[in-house]
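Provided herewith is a single structure, encoded as structure tokens, for subsequent inquiry.
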Amino acid sequence: MTSLLVLTAGLLWLVAMGLAGRSGKAQSARAVAVFAILLATLCLAPTGEAADGLLRQDGFSACWQLIFLLAALPLAMLMPMEDESSAILLLGSLAGMSLLASANHLILLFIGLESMSLPGYLLVYRLNRGRDSLEAAIKYFFMGSAAAALYLFGASLYYGATGSLALAPAGPSSFRLEFSLALMAVAALLKIGAVPLHFWLPDVYEASAPELAGFFSTAFKAAGILFLLRLLQLPPVLSEGMQLALPWISAVTMTVGNFLALRQSSLARLLAYSSIAHVGYLLLGVWAWTRDGRPLPGSILLYLAAYLFMSTGAFAALRLSGLKRWEQLRGYGARSPWLAGFMALMLLSLASIPPTGGFLAKFFIFWDALRAQGAGWVWVAAFNSLVGIGYYFSWIKAMAFDPADEQAAPPAPKLSLRQQGLLWGCAVPTLFLGVWPGVHTWLTALLGAAR
Amino acid sequence: MTALLALFGAAAVAFAVLMLLQRSLLSSALCLLAVLFQIAAMFFVLNAPLVALMQLLVYAGAVMVLLVVAVMASGTRLSGLWEGFSARRLWPLAVFGVLLLQFIAVSLLEPPASGSPGVSLDREAAALLFGPYRLMTEAIGVLVLLVSLSVLPDPKAEGPSES
Amino acid sequence: MGFLTLLWLIPALGALVAALAPSRNASRAWALLVSGAGLLYSAWLLLPYGRGAGALRLEEIGRGSWLGIRYRMGVDGLSLPLIWLSAFLIVVALLSSRRDFSKGYWASFLALEAGLFGVFSAQNLFYFYLFWEAALIPMFFIIGLWGSEGRVAAAFKFILYTFLGSLALLVGLIYLVVVHHGATGIWTWDIPELARSPIAGPASIWIFAAILIGFAVKIPVLPLHHWLPDAHTEAPAAGSILLAGAMLKMGVYGLLRVLIPVFPDLSAAALPWLGGLGAANVVYGALCAMAQKDLKRLVAYTSISHLGFCLVGLFSLTSEGIAGAALVMVNHGLSTGGLFLLVGMLYDRAHRRGVSDFGDLASGAPYFAFFFAFILLSSIGLPGLNGFVGEMMSLAGMARVHWPLAAAGLGGTVLAAAYALPAYHQVFWAPAGPGSVTAKVTDMEAGERALLWALSAVILFLGLYPRPLLELMRPAVTTLAGRL
Amino acid sequence: MSAIPVSAFLVLGTPALALALAFFLFHRRLARRTHWPILASCAVVTLAAADLALRAWRGEAWDQTLFTWIVGGPWSVEFGIRIDALCVSVLAMVAVVGTLIHVYAVGYMAHDPGFSRFFLYFHLFFFSMIGLLVSNNYLQLYLFWEGVGLASYLLIGFWYERASARAAALKAFLTNRIGDACFLAAVLLLLAQFGTVQFSELFERVASRPVSDPWLAWACGLLFLGAAAKSAQFPLHVWLPDAMEGPTPTSALMHAATMVTAGVFLMARSGPLLEKAPEVLGLIAWIGAGTALGSAIVAAMKKDLKRILAYSTVSHLGLMMMAIGVGHAFAAVAHLVMHGFFKALLFLCAGNVLHALGRSTATVDEVGGLARRMPLTAACFAVGALALAGIPPLSGFFSKDLVLEAVDGRGDRLLMGAALAVAVGSSLYIFRMFWLAFFGDRPRQGGPRAQLHENGAWMQIPVLLLALLSFGAGAAAWGVGLLPAELSGHTAGLGLSAAAAGLALSCLLFMAWPQWDWNWRERWPGLERWMDADFGWQTFAHRVVAAPAAAFARFVAWNWDRRVLDRFLESSAETCLGLSEGMSSLSRGMLNDYLWWMAAGAACLAGCVLWAF
Amino acid sequence: MVWAVSAALLILGLAALVLRRQLLAMVLGLELMINAANLNFVFYGSRRLDAAATAIVLLVIAVAAAEAVVGLSLILALRGKGSAAESSELLGLQG
């Protein structure tokens, strides 16, 4: 609640700055945004119910809000800022996410969803202002809004079935209830980019600024997963239909993501499909959790945390290096060894090679799925990981092994201290999450304790 | 009441179908307007006069105006708006006129009594909006503030051209 | 700091330092220093075993255990020879490398060493897998960055194949732990504990198969061998030495350490099949080697053949077979490592590897001729040199349980002569043909000779007196065989 | 059993030491002096062998384990020395003959650039043979057995710049390797069945087994195959004729002392096993008979000097195998020893001729009338030939008589007939060679060679000594009682008449009418080719074994391993990319399609819920 | 029965999104979908005499208006780039 207020205050302060005609001082806007985000991070705590029961700030909320804020930090640091508007939109989106994470009411959830998404649509366009980014924004807008409308319709059905809109189990399980759940889940699945609701995602990642794509791939996905978890917890008994559908969605998602990533020549688009594939693995974890009905294990949070660092790192590296197309990668390792090395570390983590966070995350997902008797699905996921190796290592190969193509690639950047700090901030946790297997137990405990 | 609901419902669906089928943007918009009117009528029948009013004001009024402005601003020439609006397709307009009259008649025939459940519900709703639900109201306030940014002029007149 | 943690930590940190060193020469010197220290350290680890105490020595650091995952290292008579072998081969590989390789090269080898040490000393499956994977990545770069013409494709094939195996292994291991938990209610990843209460049921077959595939890719067992010739051929000489000498052993070691102890019954049931695969490996590798025209490729295929002996011995499930397999691992590391070393030296001089690119080297480069013949003979299993003892013991084990398979393995020893000698004749004896590069091959320098004398001494010693090694392995082998 | 004498260690240790010394000290620095340590070692070995022989004559025997070589669970294999009558009788011959040939080689190889290398190989050969003889278990024997094979390979390929030498070396090694694999298989079987391969223990354990135990039969059969490769018995004899590519001292050593005798020795050593496998014994006898007879015939038509002698060796080894096969190992070993003397002599005589010619090979057509130019050599050759033909009182007579007696004792007339035919043949081919090479006026090919002369002392003295041994060794052994005192008049008469018949026939065919040797070849060239290829067996082995194996290897390596598997990988990759292409063609960026998929997805999800409910 | 109307409206709205190529017409479809939900809320609210439904519909109308603003502003920006407001113009990103 406090962090929500901090974010809103920061937002209003920026609006006031803008109205006061102090626009053009981009650095001060950036400072306010970063400060607001850091302050909001400090204010995170599981404080329980608030706002007449509309909000419930539990361990989940706090953990997820931490992810949102950490994901927003590099965006705030890296994104171009001609005036306050981008910062305002970012803070607005963050506030929406925070609201989503702690909402205890379906309509508040909707408002959070829209508050998160609408500034997102605008940011896609406004950070780049190209024809492509506008196209991506429009596509994203239509798909997001349609899904939101489906969510709303589902919520109305749920209201009809139970008479309640609180985010707590109400009434006996019925067909209408489960049906409404399925409609609502569409919005969540769309936000995380599950197949076949993923089409907007590669377009948006390709056309928007890389740092924004990084933000989407981490914060928006985390929000979507939390959204999905909340929905799955809604009926008194876990939905049979969702249990049936989830592994299929997961399998299709990871397969489509990985296979389509194989043929991409735009780096951002490749990462977009890779993020779709990762959603597939995440959904496998979600399914495993629905199967055995235990309290949520740390696996999903660990996956999101690991993905937070590696995806942010990968997109930040794209942004800082200015690389866009596959051809530009050739020989990049020789030209800019440190940045290429960092990129390679992120890719290894994405490919889930130990000792990186990506490995440990996938490891625990597999573990959970096997505990849930899902050996067949785990094999699908394992096969997909192999396909993933194909493009992640092609990338590394292009950077490290291929001869340099001088005119194609942008010059090696001179990184400022802050930018270097950002990269270290991604690399160190990525490695740390890979070498300390206790993090899973710790996260599980964290989620449980704050309940 | 059920009969009325059925009537308006059928009309709403009919107009929605029309909206889908119209090739012209403007006639589609008008069909949507008709649907919104029917829904407003249903709200009215369902004892929610305030919502019905808001429906008319915000949707049929503001949103539709916005739409029409957008249609015009999106560069379609006015004559273009009527493309595909041939004389043969004038019948929807006729139906539309009939239903509008019907709606006005209904609203005139049954004015809501002050003690009716609908009115008290509206009052309670207002209390909710500014009571327990105030967080939502505030959030929407901020949201509207945010989206208003979308109409701010670009600081850079022309975005970086795509290379 | 535990004595085994130090073992892998030294090269791991050494790799970092080597990568950050101010110059290539400094990096090289540092890498040599660290690898030399590793060799001394591993030799020091061997010392207590000379007095006959061969049981498991454990090291535990920290009390953290998360769902059975805990950091636990240990060495016994089966892992120590492999640790020593890895350390030895790293030193040989680094000494034989050209001086002008970049810093990354030296760092990669140290990182690889850390991974190998880790694999050979992990007692917890989680860490076993961690090191297993960690060893792959440096090798990917070694092949891809410093290999010969087809290096990129070979590196890619290598990583895809090995990752296929790794994934199968990963899923199998997790499944194993999950099923074990289901049966006993205990979460554990410790190898000894998992072996203590074997699991049964239909799932165990799947787990067995998955883990087997994981190790089989690495060994490599027949249908999964296809990465090996390319990887070995295209890698730089030092990389080939380690790939064949140490990395293939990870797979066999895995079978020995994990699969057979955990699934004694299934292993016994699969004996004819897996032993048959081993025999097929022997024959197939030898046949392929017979037809090769590229020296390095030839040596690569011989690896397939030799590792077949490991399988034959291992899946005889007799104590002499297992000991033989363990011995073949060491011996193959020395002899094939030596062959790759020699081929690499030839390649460095002449930049060719084709058998018919050479001729009559024996008169111009007698040291080459001698060492090549010596190590080749060890490789084809001439008694008195090291290769024979392990192969003989493996086959003896198999002869006791399934002797047609042993006979097939023996057929491989005939083919071994058929691939080794014609190539030797062409390179060293036959007159140099037109376009041959014999003239570029100068004989060995003193340093190279010293390296090979050392290697040859070990080869001869282990051929005539393998007993210290056998005694070292005996407690572990007895424990393992006793469980079967 | 008393303590093992120092001599036993000396016979094994001295050559090893000398080899190390020669290799590390002399080979690089004093290459022309490499023979010093080696000849010294030969001398020591000879003395030590004599000492051992005397002790063994007194009935002493030792079996001493030195150290444990391999420990493998239920069994272990030691390194040990076993000195007994069998070992010593062969050892003494090997030491003496070997030493003499070493001395001869100093002269023979004096001008070869590979002098030092030759002596290293040569002594390794010698050392391996001694090690083989004194081994006390099969695996150790196998080690030295392979050492013998390796050294013979190196020596056959000594002049490696010649393609024929390389091919012959390869052929020898591969053929031997097949035999070795069979030997090793037998060793493994014995290990698996009896848990030991140490002779003393093994023979004790075998004694308790019933006759015709299938495992024992297998083991014996495999052992015989191993021996057949080393001792050049059908079907693994193919390598021996080609092995003449090496320098002549090599051939002498190989045929007399160190290599081909190993097989017979192995069979003699395995006597207690063979006793339990009568079927195998019968097989051995017949294979020996067939080999002996066939190679005697081939020897009678070969032209190359050394090849005639080579086939003669095969033939005599066949005789020894016959003796083994009828259960008389003693006769086999006796003939082995005597054969060693006269065959070494014959080879060295041939070497004299070749050295004088300055060539490595020569046919009988290229020489002729040598008796006049090299009378000493001719005389010595005559001694050797007479010994080989079994003319009393030369050495060959006594041992051959023993073999004939043994075969006769079996009562199989066919076998006896074969043995006698071999005796006729031996006499025929050796005198054919004698007449053609040493008599007549001049060579029939290659023109007159007036400048031929006898060689130096290094080469003459060993020849003379060997001639002495060939002449008197049999009688001496008979005299001192090493050979049975009674000679059977029946077999002696038969043997003598067979030898005489052969001699007479050769006089008739090749001295009186030497053109005959040419004419039949011109008339029946196909027959000549057929016989030249060991009655077609060489061709058969090449076409049915060697060539198909190589072709199969090429097929596996290129068509299967490269082409098919690579294609499989490629098509997997193509399939992946094709799937990728298919997935991407589902939507080409059209927003309405996106929304359609969304609606479809929502419908599927809803359908799933419906279905599950 | 009202649920049938709302379901029909939802599907028709979705159909407009799927079938219409003009972006503005697709916005109309979005509005239709939101109205379908609103109808449901009001209907169930009136059955339960629950004021919450009324309040929610009011909120939703506001959110929908905000959404429309964003969508329309993006569509208008498309004109600035010189393209027609048609989904068939939006094919720059694919694959």
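For reference, chains read A, B, C, D and E in written order, and residue numbers begin at 1 within each chain.
We adopt the following convention: a contact is a pair of C-beta atoms (placed from the backbone, for glycine too) under 8 Å apart; a residue touches a chain by one contact, two chains touch by 3 or more.
Computed from a predicted model, the values in this text were never measured in an experiment.
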item: Touch-network distance, chain B to chain D, counted in steps; value: 2
item: Chain-contact steps, minimal, separating chain E from chain A; value: 1
item: Longest centre-to-centre distance from chain B, chain (CA-based); value: D
item: Pair joined by more contacting C-beta pairs (A-D or A-B); value: A-D
item: Centre-most chain, if every chain is reduced to its averaged C-alpha atoms; value: C
item: Farthest chain (mean CA position) relative to chain E; value: D
item: Averaged-CA centre spacing for the pair chain C and chain A, given as whole angstrom; value: 42
item: Approximate Å spacing (C-alpha centroids) for the pair chain D, chain E; value: 96
item: Whole-Å separation of chain centres (CA-atom averages), chain B against chain E; value: 10
item: Computed distance of Cα centres, chain C from chain B, in Å; value: 75
item: Touching two or more other chains - residues of chain E; value: 13-14, 17, 19-20, 26, 38, 43, 45, 50, 52, 59, 63, 66-67, 70, 73-75, 78, 90, 92-95
item: For chain B, residues that touch 2 or more chains besides their own; value: 133, 136, 140, 143, 146-147, 150
item: Residue list for chain D, restricted to those that touch at least two other chains; value: 584, 587, 589, 591, 595
item: Which pairs of chains touch, using the document's own definition; value: A-B, A-C, A-D, A-E, B-E, C-D, D-E
item: Touching residues on chain D, where the partner in the complex is chain C; value: 67-75, 139, 142-143, 146-147, 150, 157, 160-161, 163, 166, 169-170, 173-174, 177-178, 180-181, 184-185, 188-189, 191-192, 549-550, 552-554, 556-558, 561, 565-566, 569
item: Residues on chain C engaged by chain D in the complex (per definition of touch); value: 157, 226, 229, 284, 287-292, 301, 318-320, 323-324, 360, 362, 377, 382-384, 388-389, 392-393, 395-397, 399-400, 403, 406-407, 410-411, 413-415, 417-418, 421-422, 425, 428-431, 464-467, 470-471, 474, 477-478, 481
item: Chain E - residues contacting chain B, complex; value: 1-2, 4-5, 8-9, 12-13, 15-16, 19-20, 22, 24-25, 27-29, 31-32, 35, 38-39, 42-43, 45-46, 49-52, 54-55, 57-59, 61-70, 72-76, 78-79, 84-85
item: Chain A residues within the chain B interface of the complex; value: 8, 11, 15, 23, 51-55, 82-83, 85, 88-89, 92, 95-96, 99, 105, 107-108, 111-112, 114-115, 118-119, 122, 126, 128-132
item: Chain E to chain A touching residues, read off their complex; value: 3, 6, 10, 13-14, 17, 23, 26, 30, 33-34, 36-38, 40-41, 43-45, 48, 50, 52-53, 56, 59-60, 63, 66-67, 70-71, 73-75, 77-78, 81, 83, 90, 92-95
